[in-house]
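Pasting the structures in now, so scroll down.
You will see chain A twice below: alongside chain B first, and alongside chain C after that.
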Partner chain A sequence: MGEASKVSRYLYTVIILFVIWLFLTNSLDPQELTMGFVLSLIIAALTYQVFTKYGLSNLHPKRILYTVAYIPYFLWAMIMANLDVAYRVLHPKRPINPGIVEIKTNLTNDIAKLVLANSITLTPGTMSVDVKGDRLYIHWIDVKDPSLEGASKHIGKPFEKFLRVIFHDDN
Partner chain B sequence: MTINEAIGAFLIFTGSLFYVLSSLGLIRMPDVYNRMQTATKSATLASLGVMIGVGIYSPCCFPKALVIALFLLLTNPISAHALIRAAYRSGIPLWEGSIVDKYKEALKEEGEQ
Partner chain C sequence: MVKRILAIIFILVIGFWIANALAKVPFGEDKMLVGKYYLENVKEQTGAINAVTAVVVNYRGFDTLGEVTVLFIASTGVAALLWRRREERSAEVDGSLILKTGSRVLLPFIMLFGAYIFIHGHLTPGGGFPGGATIATAFLMIYLAYKEYEIDHNLFEPLEGLSGVSYVAVGLIGLAIGGYFLFDWIWQIWEVGDIGRLLSAGFIPIIYTIIGIKVGTELTGIIDRMIKESKEVEG
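And now, the complex of A and B:
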């Protein structure tokens, strides 16, 4: 999928900036709204080229639905990660089995890979060290399977099916 | 005490508990990589809990707290990644109990090419 038109990218940036403004000011006063709108227009004009590549198609209902579904899934994984780490910290024998493994991802989009790496960092016992092409290097606190396929299945797969839809990865 | 305040206080308390755990992890873990694991993960969830807790405790600030939590969630793992990568690149060895190091092989291959 190629880049969207300039107008669509510009409008998308304005909408996102304005929504952030609404949340931060937390008021519906007409003065605040006008000021926020004008500022959104100016900042979006300066930044839309780096801010988004796909423009308004990011707001497609299917993508929003997947994003909304991704949030509780991700939060749950994160809470489990913390309980897991807490268990390892508090256990007297300190049951860790660390190592750096390599996983393969099917995502091609840079932003999707960024979110995948971030999600991996925040979930059970795994932390991204580096990304090279389609390979991610992960520090894993409890290595269950050091092979490429096994580690990919354990770490990356659960997130990929969400991220592929959210970030236009149609491969 | 209203129900809002009770839930908010509970979340703030849970957040603080995870802060304690993450600092405990800094002491107990054997090398810099495992320390980063406990420090980043627990601290992110703890900050998230505290921010949302504050938002619920005083509902006027809820949207602001939500945005702050979102930005924390976006930026925290990136700084963690930068730190752990810098640690590896500057030659800090893994703990001797580590069982596998694929990154070293990858870097070696890259050096040969």
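And now, the complex of A and C:
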């Protein structure tokens, strides 16, 4: 999928900034809305070129749905990983087997890779060390499977199925 | 032994002094007359909810103009010290993909947040200085991520000068209308806005927007100067 037109990219940036403004001010006062709208227009004009590539098509209902679904999914994964690490810390025998593994990702979009790497880092027990091309290097507290395929299936795949749709890798 | 006795005497003497000094301070009374005056009159006189901002921009506006000048001198000083040894970045490679993408995607959000901080200076904690610093961090991140990146000096430097001039201009308009420098004519004569909403507090949001732009561009300029350490000029 190619780049969207300038107008579409600009409008998308304005919309996202305005939504963020609504969250920041937590107010529907017309003065706040006007100021937010003006600021969104100005800041979007300065930054839309670096901010987005696909423009308004990011707001396709299917992508919004997947984004909304991703939040509880990710929070759940984070809670489970927290409990798992807490268990390892408190266990008298300290059952850890740390190491750095390489995983492969099918995502091609840079922003998708960024979100994937950060999702991996934010779930305790795994931490992204580096991204090179389609490979991520992950420090893993308990290496269950050192092979490329096995590690990818354990660490990356659960997040990837969401990110692929959210960030336009679904073609 | 003598040492210990001397130490005890010394401590007793200090204790006596401190006790004497504190004995004259009335207990439980409000000594902060100036602070009390500000807190009691801030709403009627300036229209701002945030008393700190009102003191900084309105009651002591001249002092803040001085602070802005100090920052300007600091930035000029950095430029003067480093002007012969610029041009080259020492970074050999760009940042990793995560840093590069992250700084690019977060740029609009950080700028919006900085603008939010300085626009709401009279309502919430914050104001022009933290707002401007927030905006400068966005550019710092881009500088760290991309070794080729350089701000548009033709845009930043005039903007910095223009915001400094507009601050003085706002002060001079006050002088013309109200009779003294930095007189808040918008609140005291025009009486624009309702206390507690965005449009209130006279010229505080205007001055804070000016300060926000000035601090943002100035700190970004300092970052630009300092990150290009480099190739000493021979001779």
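Convention: the second predicted complex is superposed on the first by the 168 of 171 C-alpha atoms of A that agree within 3 Å, B and C clash if a C-alpha of one lies under 4 Å from a C-alpha of the other, contacts with A are read in each partner's own complex, and residues count from 1 in each chain.
Just so we're on the same page, contacts are C-beta pairs under 8 Å (C-beta built on N, C-alpha and C of every residue); 3 or more make two chains touch, one makes a residue touch a chain.
It should be emphasised that the depicted structure is a prediction, and the values quoted were computed from it without experimental measurement.
S.K.: Following superposition onto chain A, is the placement of chain B relative to chain C best described as a clash or a fit?
M.R.: Overlaying the two structures gives chain B and chain C room side by side.
S.K.: Between chain B and chain C, whom does A:11 touch in the aligned arrangement: first, second, both, or neither?
M.R.: Neither partner.
S.K.: Once the two structures are overlaid on A, work out the angle chain B-chain A-chain C from the Cα centres, in steps of 10 degrees.
M.R.: Approximately 70 degrees at the chain A centre.
S.K.: Would you check which partner chain A:139 touches, where first means chain B only, second means chain C only, and both and neither mean what they say?
M.R.: First partner only, chain B.
S.K.: In the overlay, answer first, second, both or neither for which of chain B and chain C A:41 touches.
M.R.: In the superposition, A:41 touches no partner, neither chain B nor chain C.
S.K.: Compare chain B and chain C by how many residues of chain A each one touches, and report the one with more.
M.R.: Between chain B and chain C, B touches the greater number of residues in chain A.
S.K.: Looking at the overlay, what does A:113 touch: chain B (first), chain C (second), both, or neither?
M.R.: A:113 sits against chain C, while chain B stays out of touch.
S.K.: Is A:128 touching the first partner chain B, the second partner chain C, both, or neither of them?
M.R.: Touch status of A:128: both partners.
S.K.: Once chain A of both complexes is superposed, is A:101 in touch with chain B (first), chain C (second), both, or neither?
M.R.: First partner only.
S.K.: According to the stated criteria, A:59 is in contact with first (chain B), second (chain C), both, or neither; which is it?
M.R.: neither
S.K.: Contact-wise, after the overlay, does A:24 reach chain B, chain C, both or neither (first, second, both, neither)?
M.R.: After superposing on A, A:24 lies in contact with both chain B and chain C.
S.K.: May I ask you to decide whether A:82 touches chain B, chain C, both, or neither, giving the answer as first, second, both or neither?
M.R.: Once the two structures are laid over each other on A, A:82 reaches chain B alone.
S.K.: Please give the nearest C-alpha separation between chain B and chain C in the three-chain superposition, to the whole Å.
M.R.: Minimum over all C-alpha pairs: 7 Å.
S.K.: Pick out the shared contact residues on chain A: the ones touching chain B in one complex and chain C in the other.
M.R.: The answer is residues 20, 24, 117-118, 128, 130, 132 of chain A.
S.K.: Could you pull out which chain B residues touch chain A in their complex?
M.R.: 18, 21, 24-25, 28-31, 33-34, 36-38, 40-42, 44-45, 60-61, 63-64, 66-67, 73-74, 76-78, 80-81, 84-85, 88, 94-95, 97-104, 106, 110
S.K.: In the complex formed with chain A, which residues of chain C make contact?
M.R.: Against chain A, chain C makes touches at 96-98, 100-102, 104-105, 107-109, 111-113, 115-116, 119-120, 197-199.
S.K.: Name, in rising order, each residue of chain A that touches chain C in their complex.
M.R.: That would be residues 13, 16-17, 20-21, 24-25, 29, 31-32, 35, 39-40, 43-44, 46-48, 50-51, 110-111, 113-114, 117-118, 128, 130-132 of chain A.
S.K.: Over in the complex, which chain A residues touch chain B? Could you list them?
M.R.: Where chain A meets chain B, its residues are 20, 22-24, 26, 78-79, 81-82, 85-86, 88-90, 94, 96-102, 117-118, 121-122, 125, 127-130, 132, 135, 137, 139, 141, 143, 146.
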